[in-house]
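The two complexes that follow have chain A in common; it is paired with chain B in the first and with chain C in the second.
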Partner chain A sequence: MFKILKTSLSIAFMLVLLCSCWDRRETEELLLTDALAIDIPINDSDKYEIFFIATKQSSGGEQTQDGEEGGSQMEAQPWVARSQGKSLEEAINKFTVRVPRFIFLDDNKIIILGEKLAQRGVGETLDYLLRKRDLRLRNYIVISNGRVSNSLAASPEFEDGVADEIVAILEKGSQEGDRFHHKDIKKFAEDVVTEGQDAWAPIIEIITPTEVVKYNVDKAVIINKTALFHKDKMVGILDREDTKGFKILKGLANRDTFATEINNENITYAYNQVKVNRSLTTNSDRVGIKYDVKLKGNIAESHLYTDFCDKALKDLEEKFSKVAEEEIKSSVSLMQKLGSDALGIGRFIHAKEPDIWKNYRDNWDMIYQDIDIVVKVDAKIIGTDFISKPIIRKSIK
Partner chain B sequence: MRKEVIDGGQLISIMFWTIMGTAVLTLPVLIGRHAPRDAWIAAVIFIIGGLGLSLVIGALAKKFPEKDFVSCVENVFGIWIGKILIAIFFIWLLHTTSFVIWQISTFTKISLLPRTPLLIVVLIIIIPSVYAVHNGIESVARSGQFIFLITFGTLFVLFLMNMPEVNIENLQPVFDDGFNNIIRSSLAPLAWAGEIMFILFLVPNVKQQKKITQYSMITIILIGIGGIINEFFYTAVFGPLRQHLISPFYTLVRYISPSDFIGRYDVLFVSVNLAGNFVKLSVFMYILIFSFSKLFKKQNHRPFVLPVTIALIILTLISVEGSPQLTNFLDNVFPFYTLPILYGLPSVTLLVAKLRKLK
Partner chain C sequence: MSKLFRNNKKKLKEIDESKNTNMFSKDFVENIDYIKNKLSKCCDVEYRPIKIINGLGINAYIFLINGMVDPTFVSENILKPLIKFEFEKDEVASIHEGVYNHLLTVGSVDIEKDLDSLVMKIISGGIGILIENESVAFSVEAIGWKERAVEETASETVIKGMKAGFVENIRTNTSLVRRMIKNPKLKIEKITKGRITNTEINIAYIEGVVLEDLLEEVRQRIERVDIDGIINLGMLQEMIDDSTFSLFSTSYTTERPDRACSCLLEGRVVVLMDNSPFVLIAPSVITQFIQSAEDYSTKYLTASFARILRVVALNINLLLPGLYVAIFSYHHEMIPNKLLKAVADAREKLPFPIFLEMFMLVFAFEILREAGVRLPRAVGQAVSIVGALVIGQAAVSAKLVSPPSIIVVALTAICSFTIPITEATNAYRLLTFIVLFAGGILGIPGIIAVSLIILVNISQLRSFGVPYLSPISPLSLSDWKDFIIRVPIQFMKKRPTQTAKSNKIRQRWWKGSDKK
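Right, the complex of A and B next:
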């Protein structure tokens, strides 16, 4: 009996080794995508248009006369392929049958959605992407201003491909200023499915050659706006200034500036520390929300002469607090007007006051547009960066 | 035959993975269907149910210290009723083992070998366990002890690396899912906790039989705390999105990104899961083959290893249609017949033994 068992186990084991060749994959057989871009096709009965953006490795070596390869340099070439179909799966399948590669999404870094698709609703697309097992939820999500095909026509200024360029801008830029913030699929999808919370995502757009410093680039890609969603539909855009206010209230702010004028001369405050505390307020039977924002920063630029005494600094702090408050309030008003609860005020009420939320839940869209949102900003100047006298025009000295 | 002996640590190690093996794959989905925000409460109910059953197990082990569960049931109910009860348990175990193999194989197929036929993956999964079972419970226990330390540490590190993604607000408000949903969500975990009664089959092999209650309770508390941590992380990291994920743990591990220079921790989870499920499958198959051999009054389980394995492979390939069907079955049918078998059978045996004043 033991002999039979041993023999059958050995045969089965050898079979296993032999049969595992089903999943053998050579790296050159894979199409390692950097980005997936999804949009609605123009003038077509199909529902989805999909772009695969990859960096194709090609040998730059030349053959010598005696047949040996004269080099092993690999040159990276950006490569974009397009397909469309009635569903996303059909679009991908149509593409798969015409390329001798296996599409490998595991290394994909970013998902770009077209503006029209975002306005129509991203629910189906998100659901499909979440079910793609090889796609990681760390993929960034961005919305293309206009058609995706236009955004993909941009030339990278610093990276090998446009996808790498967008990822680099998202990662570095989000830390350096408050004009946009990166968002991955997990966080985006979480916002879409969470009650009392609406989604948002950064917007990429193309700038024209005259705006591009490096003139050998035809079109360059920039990110400085935020798309706002309600449920799964894009309902509006926050521009770069409004995005700053939005990031501060979301607790995502890192550093940026507020500028004001004193005696018709500019003075700029650069904050680098932000603390936000939000609390619920009750006024008779109405619930409101209060944001206490504490900013700390320096006077980064001054075009007027002042000795920055304590009183002057106090006055400046008050002035900058007011400027910041106005800008943040403008951002909040726009979000309320658009009906997008990207700040998650509904979710906050749900978490803190579940009984009140029960009454609000069904009519939250209406209630949100009228809810009292109070913003108080306390901007502190912790340094002036002006040890020596600034160089200014003699006329105003 | 030489009597095989396992110590307390080995028993806890193998029972930990016997319950945890498929629990990390399936339970988050089943719990999340009913109570996504209060999922951690299901793990607390798991502990309560498991501890209750541990007391029954301890009392039975104390009453029949040298008897395995088959002999114990036959002794309490008489040969024929005993055999019928064990046959019912055997059918339950055969069926359950088939979809345990299906779950492990499908997870391996999806995560590692997507184009390899299921039969081949099933063979890859089942062969190590068949070998371990053939060698006896001591081999299973020793490999279980070795695997336990490595896998436990790895899981702990994997969770720690997700700390930056935790959002406590996702767990608020507590009890928001409602009492009925929380209770409904805890039925499947309770059924999993019932597997702790497998200890009753191993009682004669345990070195310190007086401490069976302690071993059983420690196992349940370890798994329960693990379950609370698991559910806490799924909800805190994914919020309501956890309801839409096919495999929350796998997704959680794939989401880890503490730094730019080291990534792709999925391989750790897949390895841990394969190792843990090797223990689970070995214990399931050992108990299955052992109870089958006992049913026919055979002292040596080895002649039954091959036929039961072949039956299991066939059953695995025909009993499950697909993941959605299995998930629905595990959620809507499995707990309702598993709870009476795993909790009811030992409890009734103890009750009758007490009434009959058997020793």
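Right, the complex of A and C next:
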């Protein structure tokens, strides 16, 4: 009996230490952050400028004074606050004196880094974020084009706040090709610390919408560029076209288009299957890398007044292969020029030829810029997306 | 205090003394006086002298209790033959033999040699007939009190399946069982319990199927009961139950004859009690928590789906309020972002912590349930409307409770109604509170601890020698055919291993096999 009592009391004591009423925190006491944005402040007295993007809870279903049923329910308001400090922790702590709530970072979804900060080096910031207990590794990491404060001024078009809008674009981008164009903090950090591999991250940009949509928003967020890193510093940017090639080689692309002209008529190829095979080539003492890219897709738009016979299709396939090849090569040469091995070629050589890597290791930065990267694209046309032959006759045009 | 005990002892002695036998004396008047004395101050007792046997005019006396006998039956089948019929005195050895053989034209006639026994028969709805100069008397069963007809069960309703339920009359109940199991192997033993109430208890079982040890255990436990009166089956259940200090009851009650019969066929013992529309099933195991009588009336796939639903509902009923409080008070990181925001939004500016809010709601629901059961049916509906709509809506509007908490409590309440066994529902009602407190004070570790304590408790329970957790522990895979999923009937060839060790085979494929 005494033994049972002793065991029960020990378990009860341990349970109380594990989790008990003093850990209790009501949901309404939490400040639920959606995004954490970090940048370099304009004045140089402090090292970091930090922004919290949170959702401020509404008062929840209050009725109007005239007692109308349903009442006016206040929407949850996005809330942005700024602080700065000599260190990140100091900047975060400065919030606690002005926010009567517990800053709850567990549900934070995205970390936005300023362009300047990225160029200065993200190592210190990354180290802090990775080692912070309540911040999750699945937070997406994005780089702001310009200052973070400018990006946060964007007006969300479909979601409640900017953070939600960015996450939604990253996760469910309208083009499926963009769906995998996101990077979480864990993968990003892995790329930074891995030998023979450089990191990359999507860039968020603010655009002023055209006449058509300006009635809805003043500034919209778009994500179609990629920031390239070398070690922990951002070294350059891939634009929309180069990002397309980069994604294909990284195996992240699912669907996108290549457009070209034949006889002054537009023709667009939309691929929906991508297979990338990379292999090492050794030519005398030089090691090269070869990318075999196989695309499968349809002709998505065509204004040619010809039937697609086998030969014509063959010619088109060759044409598109060439177009794709050029675009991908342009992307590769830019990456080499910037000295960012975001494709992980060094890592690949390390895995396949460890002996060669031993020689390359110390001078990889130099070698990478001169290494032979061959890209071979084989674009296959499965069919067309059309349901009829051209309806608008040539004579009408 | 000692005086009180002495008084009790004295009373007990008086009652015990009443059990002493008192044989008929030769003095007719003395016998009559004795019975009159015993039944004195009972306004419902009627007695009258009569002259029996036409022509002979022998003095006799009849006793009956008004309201307990059928007057038409008494006048047509007892009084009329006794007074008007006759027989040759030389043809019979004694008057009482003549009366028995020639005058009493009814089936259930007992010859009584003991006065107290006769009194017992009279108060149980019999007619006592005393004849002058005879050393025996007759008791004729003429029960004719008003009773409830066999109706649809109230507590275990089904859509498809038998509608009739047990009633308060034990003989009607035994007949309902007998009608389903027309076999002389169905044995119904009688035990009378209650020193004052003399309540009839019947133990029903199928000979050859039931385990002798189990039967003996049930018999002994009932025999051990020594109480002044048993008013309802719940009292008997509690007295013979294994788990006095557990929330779980190790014997279940049912109102359905089909359920009772199916238990009998599985080798269980059914205990019937007079004046109780419920019967007791022993032994009972945890698998019966999710078994409904309807499962065998519907297709096995539907029945299996319903059982899976019940398992889910059972767990929701037990854990949901506790988990809701634990997660939203301690483990916010477990909650998806949008859900957390929605709940935080709904709880903004509420005056109570989430634990207190949930406790109040669950408690209010229990009050509503209790009120709904106690109040007359017509008013009960009004209470449910007031409770569900007015209080719920008003509480949300007044910002006393949040809509998500109402959803949680409503779901918990609905899930509690899916449990087919009343004993299980009652146990879970209390356990829900315990889990809620554990979740509110210790978070998820607390819920895990409480769940483990519950598991330890039920795993050491036994119901009349059968492990309560069987067939989960000890594992018996063949019994799983009728547990969470119900396989087609033709695959259930064996009886449950724990209750029918000696006679397992229930179904055979080939024709011409011996019937068990």
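In the analysis below, the second predicted complex is superposed on the first by the 343 of 397 C-alpha atoms of A that agree within 3 Å, B and C clash if a C-alpha of one lies under 4 Å from a C-alpha of the other, contacts with A are read in each partner's own complex, and residues count from 1 in each chain.
One rule holds for everything that comes next: contacts are C-beta pairs under 8 Å (C-beta built on N, C-alpha and C of every residue); 3 or more make two chains touch, one makes a residue touch a chain.
From a predicted model like this one, the values you see are computed outputs, not experimental measurements.
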{"item": "Partner chain in contact with A:208 - chain B first, chain C second, else both or neither", "value": "neither"}
{"item": "Chain B versus chain C as contact partner of A:27, first or second or both or neither", "value": "second"}
{"item": "Partner chain(s) touched by A:352 [first = chain B, second = chain C, both, neither]", "value": "first"}
{"item": "Partner chain(s) touched by A:363 [first = chain B, second = chain C, both, neither]", "value": "neither"}
{"item": "Partner chain(s) touched by A:264 [first = chain B, second = chain C, both, neither]", "value": "neither"}
{"item": "Contacts of A:195 with chain B and chain C, given as first, second, both or neither", "value": "first"}
{"item": "Chain B versus chain C as contact partner of A:137, first or second or both or neither", "value": "first"}
{"item": "Touching partner for A:55 - first (chain B), second (chain C), both, neither", "value": "second"}
{"item": "Residues of chain A contacting chain B in one complex and chain C in the other", "value": "15-16, 19-20, 23"}
{"item": "Contact set on chain A toward chain C in their complex", "value": "11, 15-16, 18-21, 23-28, 30, 32, 34, 55, 57-61, 63, 76, 104, 106-107, 109, 134"}
{"item": "Residues on chain A engaged by chain B in the complex (per definition of touch)", "value": "1-2, 4-5, 8-9, 12-13, 15-16, 19-20, 22-23, 127, 130-131, 133, 136-138, 186, 189-190, 193-195, 347-348, 350-352, 354"}
{"item": "Complex contact set, residues of chain C against chain A", "value": "328-330, 332-333, 335, 337, 340-341, 343-350, 353-355, 396-397, 399, 402-403, 440-446, 449"}
{"item": "Chain B residues touching chain A - in the complex, by the definition given at the top", "value": "110-117, 120, 123-124, 127, 130-131, 134, 169, 172-173, 176, 238-241, 243-246, 251, 254-255, 257, 302-303, 305-306"}
